[in-house]
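Dropping a structure here in structure tokens format, bear with me for questions.
In order of appearance the chains are A, B, C, D, E and F, and numbering begins at 1 in each one.
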Amino acid sequence: MRVDGRGNFELRPVHIEPNYLKHPEGSVLIAIGDTKVICTASIEDKVPPFMRGEGKGWITAEYAMIPRATEQRNVREASKGKVSGRTMEIQRLIGRALRSVVDLQQLGEKTIWIDCDVIQADGGTRTASITGAFVAMTLALGKLVEEKKLPALPVTDFLAATSVGIDAEHGVILDLNYAEDAKAQVDMNVVMTGSGQFVEIQGTGEESTFSREQLNELLMTAEGGIRQLIAIQKEALGALADQIVPKALNESEETK
Amino acid sequence: MRVDGRGNFELRPVHIEPNYLKHPEGSVLIAIGDTKVICTASIEDKVPPFMRGEGKGWITAEYAMIPRATEQRNVREASKGKVSGRTMEIQRLIGRALRSVVDLQQLGEKTIWIDCDVIQADGGTRTASITGAFVAMTLALGKLVEEKKLPALPVTDFLAATSVGIDAEHGVILDLNYAEDAKAQVDMNVVMTGSGQFVEIQGTGEESTFSREQLNELLMTAEGGIRQLIAIQKEALGALADQIVPKALNESEETK
Amino acid sequence: MRVDGRGNFELRPVHIEPNYLKHPEGSVLIAIGDTKVICTASIEDKVPPFMRGEGKGWITAEYAMIPRATEQRNVREASKGKVSGRTMEIQRLIGRALRSVVDLQQLGEKTIWIDCDVIQADGGTRTASITGAFVAMTLALGKLVEEKKLPALPVTDFLAATSVGIDAEHGVILDLNYAEDAKAQVDMNVVMTGSGQFVEIQGTGEESTFSREQLNELLMTAEGGIRQLIAIQKEALGALADQIVPKALNESEETK
Amino acid sequence: MRVDGRGNFELRPVHIEPNYLKHPEGSVLIAIGDTKVICTASIEDKVPPFMRGEGKGWITAEYAMIPRATEQRNVREASKGKVSGRTMEIQRLIGRALRSVVDLQQLGEKTIWIDCDVIQADGGTRTASITGAFVAMTLALGKLVEEKKLPALPVTDFLAATSVGIDAEHGVILDLNYAEDAKAQVDMNVVMTGSGQFVEIQGTGEESTFSREQLNELLMTAEGGIRQLIAIQKEALGALADQIVPKALNESEETK
Amino acid sequence: MRVDGRGNFELRPVHIEPNYLKHPEGSVLIAIGDTKVICTASIEDKVPPFMRGEGKGWITAEYAMIPRATEQRNVREASKGKVSGRTMEIQRLIGRALRSVVDLQQLGEKTIWIDCDVIQADGGTRTASITGAFVAMTLALGKLVEEKKLPALPVTDFLAATSVGIDAEHGVILDLNYAEDAKAQVDMNVVMTGSGQFVEIQGTGEESTFSREQLNELLMTAEGGIRQLIAIQKEALGALADQIVPKALNESEETK
Amino acid sequence: MRVDGRGNFELRPVHIEPNYLKHPEGSVLIAIGDTKVICTASIEDKVPPFMRGEGKGWITAEYAMIPRATEQRNVREASKGKVSGRTMEIQRLIGRALRSVVDLQQLGEKTIWIDCDVIQADGGTRTASITGAFVAMTLALGKLVEEKKLPALPVTDFLAATSVGIDAEHGVILDLNYAEDAKAQVDMNVVMTGSGQFVEIQGTGEESTFSREQLNELLMTAEGGIRQLIAIQKEALGALADQIVPKALNESEETK
């Protein structure tokens, strides 16, 4: 049994509280075990300069931790005057992942700003951010549909993310907490859609390597976790979830 | 009656949730109306270079808002690469206020890092930060006493803050929300101790001025609000509150 | 008697040299004891983006010290690449204070840039800056009137500032020099108009507190000093001073 | 046939010029088609502060492009005053990849600085950087062995990287040039060792997704390319290549 | 004889490889001894804001070294987040020098971006940059003429630069390498045209001085070196060199 | 006659006020025509890290303008967050020039910080800065001698600087004011010692060139101006001037 009593393929308790804040168009507080992230989605009625006039929308994400989200206090990036490489990597990943399940043409010249602020960290903050941000974004887009600013929800599929890893003692495990992550030989983040397609795979063996067989086991484990996360997202979204109807796969490929 | 139905000298509902986060030595979530701030206190076993070797402690504070704490999304200060003048003013105020009720000699060569992260803003974020940070700091110092790292709680008095203002329609009002703050003729922040002494008064007439009589009325109103806030702090601190025993005033003045 | 032989309620010698520099629309060298500040006012024919199209003007201030204005050399903020919290606080205070006595509607879409450069510091640089900047600004606006670019001087009242404090030995004292400021228990900056209205009060007990009675004594002492400073401003402004006619108070309040 | 006449599983011409520069301990110019990168390895006799006293070495990488490496001139990151998210991601990837094949314990408290400067870009600059940097690093470490500063080459295996992708017209293709990369539906970078183990997999479907079958085909194609790249690395390293003797896999796993 | 066997007035071997890179409008690799610089010229169809509407062009230059261009690794300026004073001086010098031999009126509202990236440094990188950049710029302008975007080559004369210095042992010497530069008493950079006119003289005696006689000898030595450099530039430019026809001197002076 | 009625070889009125400020070890206000610069010298009892343990001193300079020193207001470099290339060039020049006339060995491990703050600019600010800074520095070093912290004045010669230029109408002119500088064809700054040796020559033909004959005339003109400036420096220094005894030239050359 793992350090917190879980089985190898078991998620930590997951809770998504929709409409957590008063001001944003969409917001959630997502808790995965002790990891807690506030995700908000803000709609802006224009796109960045490099996209103007194309009739397409854009989705961009920012990520931060409050200083004592972690065991040791971190210096604020605002105080350091620059954003770390780790933060930039995570921000780019979140934005890219969400863009893969939104029809940007249908969104029109709007920008969705996603903000993921970690208030408590215990491993898996980037995957919790993606999973929570998907719900916050869908809530915000749902509000646009309700206000007749969009004819239909431009979300083409569900989207969630989780981490998997290889532990010296337990082998392949799902949803690593901080202690597990710190000693994992291989660490992998997987982003998938509701249709079971991959959106992003980032597998890393820091001072280590992994085989094709291990990779396969990691991916299957991730897929199981993501299915459960999507079920929880559906609950949080309520009736709005029914408006997400993935196109048949061959169709979606033709539209590229 | 005011926009939210309050009387002129009435606070918004105040709630302080102690030990809100897992990692920090002290933490609270303070809610004053729709204003919500996470305050944490972190203890570091050294002081900044300019104070080393003096045997005294230090308290420093940082303040930030998540981007959608407000009606319109704000650009993150980390993305801008610098901290705004407003943020710096607030940070300096919080640190100064807390230092006035801690016996830094008794604290010894330790730094208390206060972090105030606003997750929802509706006016009065700086005074809510001070009021909440006092509780978070006392919780952290209480833990040091419990762990025998300090012989006694080095907190010399209670401390809370509130805003008062002059409204064209209602005259002097207590605890302004954002809408009231935006149209106030005079805006004043007052920090006081449990003994009714002033720690800080910042009164400003932006494009306006105020008389001595108005000042007196503002200060009396603030005092009433601060007394209520301190009562709520005592509840949140529980038994720890009893360890805060203000020295008689003339005594405290001799020690300067 | 105080360290420099002054009485408790006595200002240091004050000298204001108008039109000190060749290029700026308005400029003074103000000396208050050993504190010397060059204040300039520059008129720009546009307002910042957030104010365009409102038909109102804006006043903004910047403050700096040359590195050896002080006993020890300070690192230049340009070399550090950022402006300190203290500088930002002072800049915001100067701008806010001046805006309270200018009719921005009457000024029209112009920006007045105030620059206060301390060439020698001995306490009270921020209050000397406000007192000198008022004269520089009025000289610049007077020139606009002379050149028929404004129909009348949009200055609604005189404005000056001074510091007061509580000293362990002398009690309440006026216009603290650096040595007095460093050991004061309470430090307060007061900005007032010629009509005796407050514009800004910033009172601070760093590691200390103060009572209502002490506050009253501090404010009365400040008022006495400010009256003298305004008399000196009038001399420096010459005939221009006569164009400043404060509206009756109740009138000015109706215009808000 | 692909735009440049290659077959789907064919690399562009690869050339590695060892000892390209005079000053660095190790250096190469690697050309993969029109992509040209100068890779240097510098040895420093200390490790970063967070690692001191552990007896282990460290490898860190930096990556940049000259402004006209690309079709359009890019603003220098030094002029912008900050490093982009893309650059940081690539730098972290290069460092992580190289650390997976060096025995840092055996290296001792030294830092290897890897610099990858792209002088001409036509797609695949990050994978060319890893492939070239491995040779530069090995040359530098070989020099340490020669100078008796290390008892043996602490390189545990060969390491190379390539890109694979899915093209709407051609399906899975190897070693994408810039034109192919810009229109690929899925883009994947794969880093592997000489023993055929994965070190890093980064697969992304920007505004797209991919299935398990497609993933498998991508990985097989990458493996074929990487084998050829390692053959070319061996040539460039000459006799030094013989000193790289991968431990048996089960052994290497025990040492973790 | 000098450390590398040269006579006092002898240049190191000079090689200019035109069209070194694929993307830029003009590019060279210039090698002067072990100093190697990639110079590129990029044409942009607009001028900086301060010059718009004047119908004139602009030339601006940037300069950088890769970290291991030198004996010791230098920290990247992008990582430091700022450009050093030395770099800025060199950049300004290169731009100024090139502008002196281009008819900016004839160029029209275009900007020529010059980038000089030192890949190996052994003294004289700034003069090699000017000498190489002149060729890269002329190649780029020649392409504009060829494409009928300019009626004629707007280059009014050849331009090259070299360093001269005073060595304690050898006296006046030409084209100092790094070892010579480090111990020179006087260091001078001279930029001249094909007509033998000075464009820039920068002579410095760091912790030393020089007389009028020494100055004369330095300048004559520089002139000899520059003549040889211009001959090599002509070879590199081929037929394009014939399109550079300096106006008679008195004429060019009248047009100022 | 020139725009201000001067002859071609005539300086503007020069005034040096020694001991202008209270705090610095040495300070002057230098006025050359309408150009006014406050120069201060601060002594620090250590050298920068790269020089520790060598037993030698160091001199470094910083330069700035207050925003309205000029006709148009300049944005502060502290607000921009970075120092311009022009400022860096000037700072490096001032430091280098002063180091050429100080025996750094005799100074010992001290740093002299020179600060030149331009309060009014009308051309020639960098040469006025050097000329004034030499006096401020000598005053500071004189104080060290007086306080027995140095056995003798480590100043080996006088040092002053001026500008010369070529004007289309007047030919070679001395000490250009701003209007003359803006239209000069050639602009040259010359730094010389009391013994008539050159320390620095920086001659530039922006969009222009100059011949050997013109260079000779420029240098002779500069020499005349510098002689007069040194006479004025001697007056400002009073008795201290007598302690500056240039070594015979051949001697000084042997000590290199």
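Assume contacts are C-beta pairs under 8 Å (C-beta built on N, C-alpha and C of every residue); 3 or more make two chains touch, one makes a residue touch a chain.
Everything numeric here is computed off the predicted structure, so don't read it as measured data.
S.K.: Quick check on the contact network: minimum steps from subunit B to subunit F?
M.R.: The fewest steps needed to get from subunit B to subunit F is 2.
S.K.: Could you name all chains that are in contact with subunit C and with subunit F at the same time?
M.R.: Shared contacts of subunit C and subunit F: no chain.
S.K.: Moving step by step between touching chains, how few steps can get you from subunit A to subunit F?
M.R.: Counted as steps through touching chains, the separation is 3.
S.K.: From the centre of subunit D, which chain's CA centre is farthest?
M.R.: Farthest by centroid: C.
S.K.: Between subunit A and subunit D, what distance separates the C-alpha centroids? Give it in angstrom.
M.R.: So the centre of subunit A lies 28 Å away from the centre of subunit D.
S.K.: Could you give the separation in Å between the centres of subunit B and subunit D, each centre being the mean of its C-alpha atoms?
M.R.: The answer is 52 Å.
S.K.: Using mean CA coordinates as chain centres, what's the gap between subunit B and subunit E in Å?
M.R.: 61
S.K.: For subunit D versus subunit E, what separation do you get between their C-alpha means, in angstrom?
M.R.: 35
S.K.: If I count partner chains per residue in subunit F, which residues reach a count of at least 2?
M.R.: 81-83, in rising order.
S.K.: Going by the defined touches, start at subunit B, step to subunit C, and keep going round the ring. Which chains appear, in sequence?
M.R.: Chains encountered around the ring, subunit B first and subunit C next: B, C, F, E, D, A.
S.K.: Spell out the part of subunit D that touches subunit A in their complex, as residue ranges.
M.R.: The contact residues of subunit D facing subunit A are 82-86, 88-89, 91-92, 96, 99-100, 104, 157, 168, 185, 193, 195-212, 215, 219, 252-253, 256.
S.K.: With touch defined as at the start, can you tell me which subunit E residues reach subunit D in the complex?
M.R.: 21-24, 27, 34, 38, 40, 42, 44, 62, 64, 66-71, 73, 76-83, 87, 113, 115, 117, 119-122
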